[in-house]
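Please see the structure below; I have some questions.
By written order: A, B, C and D. Residues from 1 in each chain.
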Amino acid sequence: MATSRLISKIKRSDLLEKEQQRSDLGFGTRITNDTTRLINPNGTFNARRENVSFWAWLDIFHRLTVLSWPRFFLVVFAIYFVVNCFFSVLYLFIGVEYLQGIHATTKMEQFWGAFFFSAQTLTTVGYGHVAPVGMVASALSSVESLVGVLGFAIASGLVYGRFSRPIPKILFSRNSLFAPYLDINAWMFRMINESPTELVDVRVEVSITRLETLPDGKRTRKYYPIKLERSQVNFFPLSWTIVHPITEDSPLYGATEESLEESDSEFLIYIRATEETFLQPVHARHSFRYKEIIWGAKFIPMFNSVRTEDIVRVDVQKVHEYEMMPLN
Amino acid sequence: MATSRLISKIKRSDLLEKEQQRSDLGFGTRITNDTTRLINPNGTFNARRENVSFWAWLDIFHRLTVLSWPRFFLVVFAIYFVVNCFFSVLYLFIGVEYLQGIHATTKMEQFWGAFFFSAQTLTTVGYGHVAPVGMVASALSSVESLVGVLGFAIASGLVYGRFSRPIPKILFSRNSLFAPYLDINAWMFRMINESPTELVDVRVEVSITRLETLPDGKRTRKYYPIKLERSQVNFFPLSWTIVHPITEDSPLYGATEESLEESDSEFLIYIRATEETFLQPVHARHSFRYKEIIWGAKFIPMFNSVRTEDIVRVDVQKVHEYEMMPLN
Amino acid sequence: MATSRLISKIKRSDLLEKEQQRSDLGFGTRITNDTTRLINPNGTFNARRENVSFWAWLDIFHRLTVLSWPRFFLVVFAIYFVVNCFFSVLYLFIGVEYLQGIHATTKMEQFWGAFFFSAQTLTTVGYGHVAPVGMVASALSSVESLVGVLGFAIASGLVYGRFSRPIPKILFSRNSLFAPYLDINAWMFRMINESPTELVDVRVEVSITRLETLPDGKRTRKYYPIKLERSQVNFFPLSWTIVHPITEDSPLYGATEESLEESDSEFLIYIRATEETFLQPVHARHSFRYKEIIWGAKFIPMFNSVRTEDIVRVDVQKVHEYEMMPLN
Amino acid sequence: MATSRLISKIKRSDLLEKEQQRSDLGFGTRITNDTTRLINPNGTFNARRENVSFWAWLDIFHRLTVLSWPRFFLVVFAIYFVVNCFFSVLYLFIGVEYLQGIHATTKMEQFWGAFFFSAQTLTTVGYGHVAPVGMVASALSSVESLVGVLGFAIASGLVYGRFSRPIPKILFSRNSLFAPYLDINAWMFRMINESPTELVDVRVEVSITRLETLPDGKRTRKYYPIKLERSQVNFFPLSWTIVHPITEDSPLYGATEESLEESDSEFLIYIRATEETFLQPVHARHSFRYKEIIWGAKFIPMFNSVRTEDIVRVDVQKVHEYEMMPLN
């Protein structure tokens, strides 16, 4: 009795153990349609959350932060225009005669007169050739100038947030390679920091995900973290070739071009580093699908250290360059 | 002699050991009134610190940061109004004749004239149809414009602080379940990230707290961290079901609906992650009391990966959905 | 030969080992004047670096950040005044007739006219009842308005920096106690978070430093980290009593009131936590000298959990309260 | 068969092991021109990435953040001037008669009139003695004031970014020394924090890099992390002498002045700490080449703790001072 109990206990903890080793990175095992890529080339996840509650979906700060600059300025300009329209309609409603200095006859002229007065109030320029008279117009313009000041406080915050956001500009080689490596082969890719901001303490994790057929014939998605020759560098001033030597304990041992395609293999890359201007953490993701692998090739060196010079030079655009070389 | 010393030494370090294992999370063991919840559903602690010194209590920045947006704008507007009143009283005191351009006869008209001049000065609109003349009024208005500029500097800071504050929008399943799990049972709950900002490196810790009766009949509060099938994921693009398998070494081994109620059981959940827009850490807390547990049920899958599509889709609102299923 | 080499190798690495254990926290062993406190009650170091280079000493941002609020506003006001004086002298130099709208006869009136115009330009109020005419005055005022805008950009940054600076408001018990603890004694102190911002993941390190007499009669300062019953809590909503049980391996074993005084003992406390509004790290330091120890006392509970209520209440000001109790 | 497999497996993992130990810090082994320094005295890398894509190269925020203050203000002033010129040309194009209040006859006068009106609009001073009339001029000035407000939002962000950037001001001793240490020798250097901001949790890593001749006669660059007597301090209120004892397992064992020069030796120093004003991480790099080593010297104490005083004083400028002392 006691023995069986003990065994069951061991079994349970085995179970726990095994589950903990299931390094699926958070995608789960049920994504088995083999046309799906898990991580897009730009590093975003190839997944969509639907039916999100309105406020969570809105998240203005996040959206205005990740917008491209031209779109951001367009949005700001549009809001500026709309707010001015809103206030000028209110001024018209009060009566344009309470904005002294506007000499307008048609409705249109009155609107634009009020519109430009509103713009001058919102941005706090306040030339004063048009100015509010009477309680109501004065009160409205004093509210509008507060709105303006707060609005541009928000704009300042957004602009700072956009500027200071830690986005690494890492350039990845277009392809990953299966290359000869010592007396075996290795899978490798190359990357370089394109930004003038240095990256330090760079760590790389690579997982391979593929579909496997279970004994019962069902296909399931499996994940394997793979060992790298080197998974961390202190400094990253030059290029770095990340190498996974295909030893016998590698999940890629014996893999062929066909087997990778058949199993819908994808290499998931996760990079963490610290950027040096503000010492903020930065992350980058990338993935190579089986289609982006070159079999039997090696990267061409990117840097040439001329003896007569006192500085090491690297040509960033060479990161993609490789030459064919038979595998071992 | 030496032996007894050694024994005493061992006893002491045992003592230390034991105390270190007492994972009470910081609540202590004396909270034994069984109507008290330790963590509120919104993640705050169900505790109040009283008799705090005035300045510590005030902590304006914190208070204005955690206020809801409508209240925040109300506070800003109120301060704007009060400061304008204050300055307009000062201008009246100096004499409204030193504000050229105000044509007021009654006291009330004078006050509002001064008030709107003050508003124009504070927001630095400065139309100029009203302008200060003479030493004193000019000096006061130059001080007021400085106050305005600094005030809106503070407002800018607050607005940025509010915007950039890292608040995860994690949606928890309304109930946690006791569900069949392999050939045993498990306690589980489910969660999904509702925000468009991705969360990475998500770690979960779960503790169970309950009242226990000591040999001497006194009731004391105990805390047990519980083991999870998986306590960490790298990425969190989809939902995540957190599972505690009820093996023999689980504090829930043999628990029943009645025993959980009798012992006032509460599951305390603590989540740490990194949000990806600014790579800031985010925390979330949640708790399930015994009342929020469903016995014999399992969650219904939330995502459907249609073969003809190239993206994985998840319906966020399904996070709460479960179906009944007999326990093992 | 080889043996002696090996021995020497062992000796060396012993040496290294020992040095690494010398947990002097960075103060060094030569501070032996026994009237010196290492950490002041407000947490600063009782040390001064002299002869620092001018720019390192200046470090305006740091200085204006740590200034008290009244002083900060005084400095801003003083700078505002001086800059206005500077520009008004320049305007006078150009000729006050180029500022249309100033009707001044005496030099003093001219100065103040220029001064208030300068203030209106610097804060960008720009009423316009005084305005620059001619090339030089216009150019100067356009430069001044740029200076104003940049200046208040700096002020905004400073104000935000001051507000968002992570300062924990931890209230320490006035005294630390030697109290009975189980069947031995313990040294303990108590603390509570006074701020409305919660602290999480609070870790405490305590070292004791004291003067010891070397075999050669020279006195040297030694540092010992001491073991705590509990050195970390996840949450800190209530008070926390930090306890060091005086077991036989404690550096306090056998210590008396006299021995602590004779050896100029000081308990150095270092606290790290995360504040929850912005999830920033916060640090606090504190120290108890031998004079601030009560022998034979224990703390009085601070919180009363009334059965009829659904919230736990703590009286912050009770943190200092203790009652006498004979030691074991 | 199985045995050879096992052996090959071991060989492979050896291989991996060895590669992982190759602590080249990210510089690679091919930089073998011995006139090259890897880390410049100011901490930057002596490497250049060329042919970077335009937008990565530009990275305005980073560039304007690391610029010196005089250059930063020059750039801001230049942008201000150019933007004003741009808008004043537009106003001239619309017709200067639409800016009421400008009494200009020559083209030049018109340009400057428009220029100063533009400056008043951009900084939102808006005196109003010049003001736009008509649709087009009013529209342009309302756009310009928006540009102004956003531009100064950007300036505010930049100024705050520059101010809050964590740059440690660590003063390193001009030379590193080979000094007698106990009964052996040690390599050491000294440093002190010059800034009024305290540094805590300071960690130091030192590597030595040198050219070595491979068995095949080719020269390659090797990197060795070296062990320090102490590599971490909690607090850094005073100076800190970092010591590497030259035991038999040190890569410097048996090194001479000539051998260091011949092998182009460079000591690479990497410091991580936390600054205490904002509790931000700070990094510093430094390097000592063989030319900056003094053989047979020791540092002179920097601090004098006068018995009659209650504070410890350190003279920062003494950090470089040493006296000759024969090596063991």
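The rule is simple: contacts are C-beta pairs under 8 Å (C-beta built on N, C-alpha and C of every residue); 3 or more make two chains touch, one makes a residue touch a chain.
Just so we're clear, the structure is a prediction, and the values are computed from it rather than from any experiment.
Chemist: Any idea if chain B and chain C meet via the same residues, over half in common, or different ones?
Modeler: different
Chemist: Taking each chain's centre as the mean of its CA atoms, how far is chain A from chain C in angstrom?
Modeler: A distance of 36 Å separates the two centres.
Chemist: Counting only Cα atoms for the centres, state how far chain C is from chain D in Å.
Modeler: 26
Chemist: At which residue positions does chain A touch at least two other chains?
Modeler: As it turns out, chain A has residues touching two or more other chains at 120, 124-128, 156, 160.
Chemist: If each protein chain is taken as a node and each touching pair as an edge, is the resulting graph a line, ring, star, complete or other?
Modeler: Topology of the interface graph: complete, with all chain pairs in contact.
Chemist: Touching chain B in the complex: which residues of chain D?
Modeler: It is residues 124, 126-128, 156 of chain D that touch chain B.
Chemist: Which residues, counting only chain A, touch chain D once they are in their complex?
Modeler: It comes out as residues 73, 76-77, 80, 84, 112, 115-116, 119-120, 123-129, 152, 155-156, 159-160, 163-164, 169, 171, 182, 184, 192-198, 200, 202, 227, 229-230, 233-238, 240, 245, 247-249, 274, 276-279, 301, 303, 305-307, 309-318.
Chemist: Please give the residue numbers of chain D that touch chain A in the complex, ascending.
Modeler: Contact set of chain D toward chain A: 5, 8-9, 12-13, 15-16, 19-20, 22, 24-28, 30-33, 35-37, 44-53, 56-57, 59, 61-63, 65-66, 100, 120-121, 124-128, 130-133, 135, 138-139, 141-142, 145-146, 148-150, 153-154, 156-158, 160-161, 165-166, 205, 270, 280-283.
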